[in-house]
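The structure appears below as structure tokens.
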Amino acid sequence: PATKNVGKTDLTEFVGTAPVGDTIGMVIANVDSELSKNLHLQSEFRSLGILSARTGAGPQIMAVDEAVKATNTEVVSVQMPRDTKGGAGHGSLIIVGGNDVSDVRRAIEVALADVPNKFGDVYNSAAGHLELQYTARASEACHFAFGAPVGKAYGLIAGAPAGIGVVMGDTALKAANVDVLSFASPAYGTSYSNEGVLHISGDSGAVRQAVIAAREVGLKLLGTLGEEPKNDFPSYI
Amino acid sequence: PATKNVGKTDLTEFVGTAPVGDTIGMVIANVDSELSKNLHLQSEFRSLGILSARTGAGPQIMAVDEAVKATNTEVVSVQMPRDTKGGAGHGSLIIVGGNDVSDVRRAIEVALADVPNKFGDVYNSAAGHLELQYTARASEACHFAFGAPVGKAYGLIAGAPAGIGVVMGDTALKAANVDVLSFASPAYGTSYSNEGVLHISGDSGAVRQAVIAAREVGLKLLGTLGEEPKNDFPSYI
Amino acid sequence: PATKNVGKTDLTEFVGTAPVGDTIGMVIANVDSELSKNLHLQSEFRSLGILSARTGAGPQIMAVDEAVKATNTEVVSVQMPRDTKGGAGHGSLIIVGGNDVSDVRRAIEVALADVPNKFGDVYNSAAGHLELQYTARASEACHFAFGAPVGKAYGLIAGAPAGIGVVMGDTALKAANVDVLSFASPAYGTSYSNEGVLHISGDSGAVRQAVIAAREVGLKLLGTLGEEPKNDFPSYI
């Protein structure tokens, strides 16, 4: 499902696209004040960076997590439409703020470049998908979106249809001693997506071990509904 | 839209799949207590049975309604993602609890076996779908999901796009003397699905008559938007 | 994506279809009182007119806006399912009420006839869509759905994925002096659609100018995600 970057534009607002998820990055150097007041931002900034996608919330949020570590910017909005173009999950609208347009542009460039990497543990089949994410040190985007403690290891374990995520979550918690942040499901903490999503925190080795154990079980379960689930980019976990 | 059950797995959590709706059944013999606390269950149990699907909430809920009648289990969660893989309706995540894993496994087996039957009055076309359900004696799943009085006849009358469900509902109520439990629509009682859904209760003959009258009108209306709507399994009502 | 109107029916409830969006129009001459109580209508009426669609909320709402100006009817419900058959936006369920079935039938006929026109500034690509709407004099449907002041010019500026709508909105507000009614996005004021939508009001020339400026930027941005976005009906703005 790689997206062709066919078009180009000389619009100053355009930063670039990522080759997956219909992901586009943009900046507004000096946002209109009436628009800013109506965007439901956590804090108002002169310059905004925007990462927007049809498919994927986790990968883009994790990519922005890296971007805000590397730049002088702040996450001011994370929204998750019910999308994936008929798939079971979310798209994403993430906005970062800064006082200088070069900072927010740099943040969006860093995030766009990292999006394919963070799709490395997204596995798709005709019946559903799995998503695994892991960071040894969560930053502001994981905190904003998922309540991850900043500076600690964080893991995301998702399965679709949602029941697969329930069993993956149970497997993860039996595999290693980690803290549960929350479990999201169609009626709780998702935008009615068909996902079961466990968010965990704790010791980095334990979080990674829990994520890997869940991935193994998820691949087997989703495989019973048809063909073997495949990732489009190399696994990073 | 029958789903191939290509894969197999020896995972003890896997129970089976149904040949429609990307429906998978699973059990957890002894659920992790931290997971259980985060699943938003009506009551906590040692063993959980899980029925999860991309397409269909009504058929799976009706199938679990039969399953809990037949086993020593209880419905502890019914969640309805906005799904159907680009269609107009819901998927489902249904969890039953029990104190013995053999009970919950049996419940999921019974439900999986009954799912195709309960798709018998689901009619699809490229433009939308109709769904009719009927039981002479509603049990816990219909009560949990739709507020149906336990032990009385219950009927579900749905049309998509939603306006078709409005006219079907009006037809049903003029055809027989039944009680309205509720009318669900995109902004009320659905997960923003494009369905109009009348839930009725009452005398079993009257409920069945109302459902049949609505089906006739729904087939004519949905047919005006393209080809004749078709069911993939034999009608049971 | 024009929908064939293959079928016909002699049902008195059927009014017609529009050749886009799987849009169907129906009437109920004398609505069942129990159904009426459960429909969450703003006011109850003897006769109801129903416009229901899989794809498009803006075009149908704008078409009903014209219809209620032209007939003795009132908008009593506007609901927006998350739909578009796997696309990024909404479908719609719009109900108008009247005391005479001939009035509501006429309203639905007028709306159905105007739907293609109001799709004139909907631009689609595989990656997303843009929607622009404009009226020099908003009426009850725009007021009900979007809070537009009745009798004043109103404009709708939408982009999907949602971030494109943010930049279009910023462009619009810098192009002309208009009032912001609201900005809708996945988590605010939509049904979790992947759209950014600016609603504006003000002087008719200014509103139109803002809409046109946003359209130009939106076409460039959406084009970077693949092929050039196309409208299926002639632009009316």
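Think of it as A, B and C in the order they're written, each chain with its own count starting at 1.
Please note the rule applied: contacts are C-beta pairs under 8 Å (C-beta built on N, C-alpha and C of every residue); 3 or more make two chains touch, one makes a residue touch a chain.
The chain lineup, named per UniProt: A, B, C = Microcompartment protein PduB.
Model, not experiment: these values are computed from the prediction.
One rotation lays the C-alpha atoms of chain A on chain C, and its angle is 120 degrees to the nearest 5. In a homomeric contact, the two copies may use the same or different surfaces; for chain B and chain C, under half of the interface residue numbers are shared, pointing to different surfaces. Centroids built from CA atoms put chain C at 31 Å from chain B. Among the residues of chain C, those in touch with two or more other chains are 82, 85-86, 192. Within the complex, the chain A residues that touch chain C are 3-9, 11, 13-14, 17, 22, 24, 26, 28, 31-32, 34-35, 37-40, 48, 50-54, 79-83, 85-86, 91, 93, 95, 191-192. By the touch criterion given at the top, residues 82, 85-88, 127-128, 160-164, 166-167, 169-170, 173-174, 180, 182-183, 185-188, 190, 192-196, 198, 217, 220-221, 223-228 of chain A touch chain B in their complex.
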